[in-house]
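Following this line, the structures themselves.
Next come two complexes, and both contain chain A; in the first it sits with chain B, in the second with chain C.
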Partner chain A sequence: MTERPLLLEYTARMVYWLMIAVSLWILLRGHNAPGGGFIAGLVAVAATSLMAIVYGCDRAQRAMPLAPLPLTGFGILLALASGVPALFSGQPFLTHAWWNIDLGFTTYKLSTVLAFDVGVYAAVWGAFSLYLLALLNDEGDTA
Partner chain B sequence: MIESHISLLLVVIPLLAAPVTALLPGVRLPWLTALLVSWVCFALAIWQFALVMDGSVISYELGGWAPPWGIEYRIDIVNAFVALIVAGMAAITLPYALRSVEQEIPKHQIPLFYSMFLLCMDGLLGITLTGDIFNLFVFLEISSLSSYTLISMGRQRRALTAAYQYLIMGTIGATFLLIGIGLIYAETGTLNMADLSNRLPAVFSHHTVHTAFAFIVVGVALKLAMFPLHLWLPNAYTYAPSAITVFLAATATKVAVYVMLRVVFTVFSTGFTSDTPTDDMFLLLGVLGVLVASFYAIYQGDAKRLLAYSSVAQIGYILLGIGFASALGVTAAVVHIFNHALMKGALFMAVGALVYRIGSSHITQFSGVGRQMPWTFGALVLGGLSLIGVPGTAGFISKWYLVLAAIEQQAWLIAAVILVGSLLAVVYVWKMVEVLYFRPASDTGETYREAPLSLLVPTWLLVIANIYFGLNADLTVGAATTAVQVLGGIPQ
Partner chain C sequence: MRDEHAAEHAGKDWLWLAVLPLILFGYLLWEISRTPLPWQFQLEWVPSLELGIDLYVDGLSAQFLLLITGIGTMVLVYASGYMAHDRQAGRFYKLLLLFMVAMIGAVSADHMLVLFLCWELTSLVSFFLVGFKYTDEQARASARTALFITMGGGLALLGGLILLSQIAGTWSLQGVIAAGAGLHDDPRLPAALTLLFIGCFTKSAQFPFHFWLPNAMTAPTPASAYLHSATMVKLGVYLLARLDPAFNELLFWEITLIAVGTITATWAAVLALRERDLKRILARSTVSALGTLVLLIGLPGESSSLAVVAFLYAHALYKAPLFFVAGSIDHATGTRSIDHLRGLRRQMPFTAAAAMIASLSMAGLPLSFGYVAKSVASVAKAESELMALAGYGLLLVNAIAVAVAAVAAIRVFWGPANQAFDQVREVSWRMVLPPLLIAIIALEFEFIPTFADPVLVDAARAISTSNSFTPSFAEPQAGTMITVAEITLLIGVLLFVFWERLHRFLERFSILERFSCAGFFDRLLKGLPRLAAWHTRLLQHGRLDSYMRVTLLAMLGIASGAWLVIEPGWPGMPGDLGGWRDQAWSLGAAAVLIMAGALAAPFMHNRMALLMSIGLVGYGSAVLFLFAGAPDVAFTQFMVETVLVVVAVTVLTRYGVPIRYTEPRVRNALIAVAAGAGTFILLLQMFSLPADLGMPLWFAEKSLPEAYGQNVVNVILVDFRALDTFGEIVVVAFSAIAAWPLLRRKRKHGSNG
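So, the complex of A and B:
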């Protein structure tokens, strides 16, 4: 990229974090309202793609919490592991436990489903970024 | 605790291990993880098989949601038998894989290779264990997507085209299956297979159900490489890494056959299929498959491709068994699922060992190598005899039951086709044996050492299994006979 679009670069940094924040919000409200891990993960991928287009793949990857492949692996592991505690309490796999947490202004329903959703979020973010960065990056291997 | 979750653990352990394997460094560590997982799964599969051997049923409700609303894993002897084949073949392929994969696959891809292998095995196990037809579709996609990746890792560039071809065909098959599932869901409002078999008879006359059946049968037929939908198979088996050819040839099409059995006999039942030309279609395509694919096999110059065409022919035999829709026929089909896994596993392993030393699977390169690699050659001969159906080998047992089923229905022509198919198998097995043993070694003076033990031992284990199950058919035929009763809807 020879001419750097200054305005885009400046806004992209802010918009990136805004998009990540929105994705987290979508993730957290997902139990009883539209949202959840998959769609939140897609929003996060959109944020990563913005970074990749403006600043290049390396920087987009550095802005992610983990490299795409480990992130995917971590996500799948977390999602599956969320079903395991049920086994030890004698219930079938993926039976989830729920707790209500009083936040003062609202009650948040915390559950092991959240761990599942966070896993899906990480897996979607990782896997789609892996494709995206590999396609955008001419050098090839980004994993 | 383990016993009550046994079916679930068979699916969850490989699924948990797959991402871990992908992140492990080096070559041996990912292999060791995959090996351990496959052995644990094999042990669990044996245990599970012992639990349902008497015809009882294990039902497992995922997430505590009662069926038919939630996803149910429903294991009877049919699933347990097929799961045993899948886990057993994985457990025996992985020791074989180490050396052959180190040679065929770039080092940095090896952790991903084993991760994909575990996913593929997991998908195949999931297909067999689930009692929910949509969940079955999901596992089918897991196993298919991972097998596309595994095939594309083959050494030659043409592996990419082969994988792409399989990807297109496989996706069409999966889409057909999905459309069919969607239609029966629209008609009955349930996805649980046991529930479907209760609800479907009320709507058998509806055209939607007929359409759904057609879509599902064609979709599954693509996955099991039923003639003439087999075109993806020869390329995929030829260009895939040797260990993958062994595993897929022994399990992937077998699991698809299981799905076909389930759909035709349990979900739809013979009450429905006898009103449709399903049985005749299976018989016709089975006969054509046996004859045409065997002829094709004779003209192949590549050993892996030759065996791949032979696989299509063997699937023809299994379809004949399904087409007879009699207790004997389906027994033969179920027994042949098991025996064909053993014989094709052994044969592809032997050819893989030749490829390991020679670097090519082209038959002209094999001149005289049989005398330099006697153990590999011996395995190939014995596997070939089993493929032909010589008495004393596993192949004989399934052919015997198939011929009995044909005679029972006085289908003399089909009985003749089975015999002709065996004669054609003699021709193509001889074609390899002749070059390997009776041709003089190539004049380049190159000599090949015997294949390493890590390749020979799994190969010979399968060869010995071929002979053992040829002499003692109690386990296979006993399981198949119970399976026929459990599948339901088959006239005894």
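So, the complex of A and C:
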């Protein structure tokens, strides 16, 4: 794309990071309010598609934490790993564990659920970006 | 192959490998004399599946084990001479040893699945050995045929064994035999036995699966002697013999075995007369012998079990040497065609001697072990009333065996010398010793029966029904059997004398080739890819809109069919719309959005506008979800719809798809409306069913206390049904990984153009 609307060009980057932030927020609030890994992943994909359309695939890919394929793999492995601790305590695979961490002012609830949801998020973001960037790619390879 | 260049690369000497089976052989003999059979051995493997390495070695197994290790030793010695100049020798030995292990496992397994695993392993090794000379197209085709037949039969066998284990309630072969007649009334038994028959008949090359064995002669001769004559092809016979005590009272069992055995024995014997290749003649006669074995198993009566084991031994001990001889001749002269082979006794005296001795046994002449086997067999046949017709067939079979033996021993080695073979020399001791030794051992059995008798008697007892059975090799009384033997011999000699004329006569029936099982199988194999190509062209034409139409119409057809069959009539409106009514305005607005999009779509001529109107349907649905109490779904729908429309528009512009939409829109619209209406009716039907709220309520109740989450949907996704979610992301990932290379390549083409 050689010609881009000026407004889009200047705002897209900002909007991209805003969307990523929103997606993280959706990811984290998912357990108690509408949201979760899958939806958050889709928001991130939308952000990546915005990047790709405005600045091209290379730049969209560079803005991601990992290239699409490794990101997908990371997500799946993380989700897989989140189910493993349960096996050590003799529970079925993917039985989630919770720990309350006392931070003084509040207790933070850490759990393997979060790891699982982050895994879903990363896998969805990675996999759909793989499609997206392959479809939109003008030159070079994505991986 | 035997030029200097090859010799330079000649492999190592692998003769020492023969020590392994030799030790095993000696150990077996020693152990048999020391510890009374049967031996049992159990090793846990997968206890939760009741799968264990359960071994049970009785007389029959011991007989097979002795054959496998004994002949195996000889095969390895022979191969060290036969393959001396072959660079691939190492591969050959590995396969042979692997085969030996599989074979030992197969005949000593008591657990039926262990038997099956070893059985399949032997088929696999056989495939590699038949296709050993993989640069030869003929060898590859033969290997494929062997694999298809034996592995296909293996599948049937697996089904049969599973059924059998369910009927008997045990995986143990001994358990099945112990259950014996108690299984006869089970309605599943005929199916189980039919599958078993297919498995055994394919393995042991019975009619109509007999054709793979002669073709398998593309394997190196040591392998042919070992796998395709002495041991592997007898696995089917082994299993039938093993199960015979349980089922030999069944008419189905008896008749099938006798019929198939007789047909195989006779047909293969006749076909042997049509062959010119020494090895193929031997292979046909092996098939014939296997048929005889199957027939003998099918015969009722006590002496039939003795006949089976005696003939099994005799056949292994004369056919292996004869294969060795054929291999030696091939090795020395470069041909196996009996047209050229004459008077070789001067050049190859020791090989000739081995052939003579082995042929005596094959022809069943007095002073040979084959004679003993044949007389026991005739006693067994005399005991049976079913034998009237089969008897005449077997007379012919035996006569042809006599003729084949004469061809191998007399025709090839006697008569005027062929000038072409003046330079031929005797093969090395490694290829002379094995046939000579085995042939002499077989001869020994007749003179000093104390060696062989205990093992054979044990084996016979293992496959006979009654426990009190004490088989013995009493000398056959003079009388009918002797007369039969004489007649057989006479016909055999006549066949040999008129071999040429008979051959030319049979040659004329080229129709046999076209309508043979092999020809049928060949056409089947060739037809299969054509069928696949045809239906792929029909179904996988690559036109997306057509896929869509077919999918929708099929769905519609199935749904309306189910509706008409199961519950014809108009479903009533769902009674309780409770919460929905409160949201009437918002839901109504969503419905307006959806309908606007849907109604506009058929009238769009511009692809962009079409996409937008479809997007409108999606957004409308999202709004619907939002107000119907499913904010998560609504959220997801919004995101999917957005990404989809954006990507679709971008792709359309970049790939240069014509903006004007020219599909047949009336037809498509009609199909779409019909599919929509069908779905609507189905949904109404669903609502009219009483809803089971057990699961939703359980989830809602347990979500907070057990999974610490207030958003039930998400808790279900990441906790209660986390494994499903995991499966889904894996599917998403794999679909992307699969599509990625395709999309990339497409793009490259596009950018070039």
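Annotations
Here is the rule we use: the second predicted complex is superposed on the first by the 129 of 143 C-alpha atoms of A that agree within 3 Å, B and C clash if a C-alpha of one lies under 4 Å from a C-alpha of the other, contacts with A are read in each partner's own complex, and residues count from 1 in each chain.
The criterion applied here is as follows: contacts are C-beta pairs under 8 Å (C-beta built on N, C-alpha and C of every residue); 3 or more make two chains touch, one makes a residue touch a chain.
Note that this is a predicted model, so its numbers are computed, not measured.
In the superposed model, A:I76 makes contact with both chain B and chain C.
After overlaying the two complexes on the shared chain, residue contacts for A:M19 are found with neither chain B nor chain C. Among chain B and chain C, the chain that touches a larger number of residues in chain A is C. When both complexes are overlaid on chain A, the residue A:C57 reaches neither chain B nor chain C.
Once chain A of one complex is fitted onto chain A of the other, the partner contacts of A:V118 are absent, as it touches neither chain B nor chain C. Of the two partner chains placed by superposition, A:L27 touches none, neither chain B nor chain C. In the superposition on chain A, contact of A:A46 is made with chain C only, not with chain B. In the superposition on chain A, A:F38 makes contact with chain C only, not with chain B. According to the touch criterion, the shared surface of chain A, contacted by chain B in one complex and chain C in the other, consists of residues 69, 72-73, 76, 80, 83, 93-94, 96. Note for the complex: chain A touches chain C at residues 26, 30-39, 42-43, 45-46, 49-50, 53, 68-69, 72-73, 75-76, 79-80, 83, 93-94, 96, 98, 109, 111, 113, 116-117, 119-120, 123-124, 126-128, 130-132, 134-139, 141-142.
Residues 69-70, 72-74, 76-77, 80-81, 83-84, 86-88, 90-96 of chain A touch chain B in their complex.
Those residues of chain B that touch chain A in the shared complex are 1, 5, 8, 12, 15-16, 18-20, 22-23, 60-64.
Considering their complex, residues 631-632, 635-636, 639-640, 642-643, 646-647, 650-651, 654, 707-711, 713-715, 717-719, 722-723, 725-726, 729-730, 732-733, 735-737, 739-740, 743-744, 747, 751 of chain C touch chain A.
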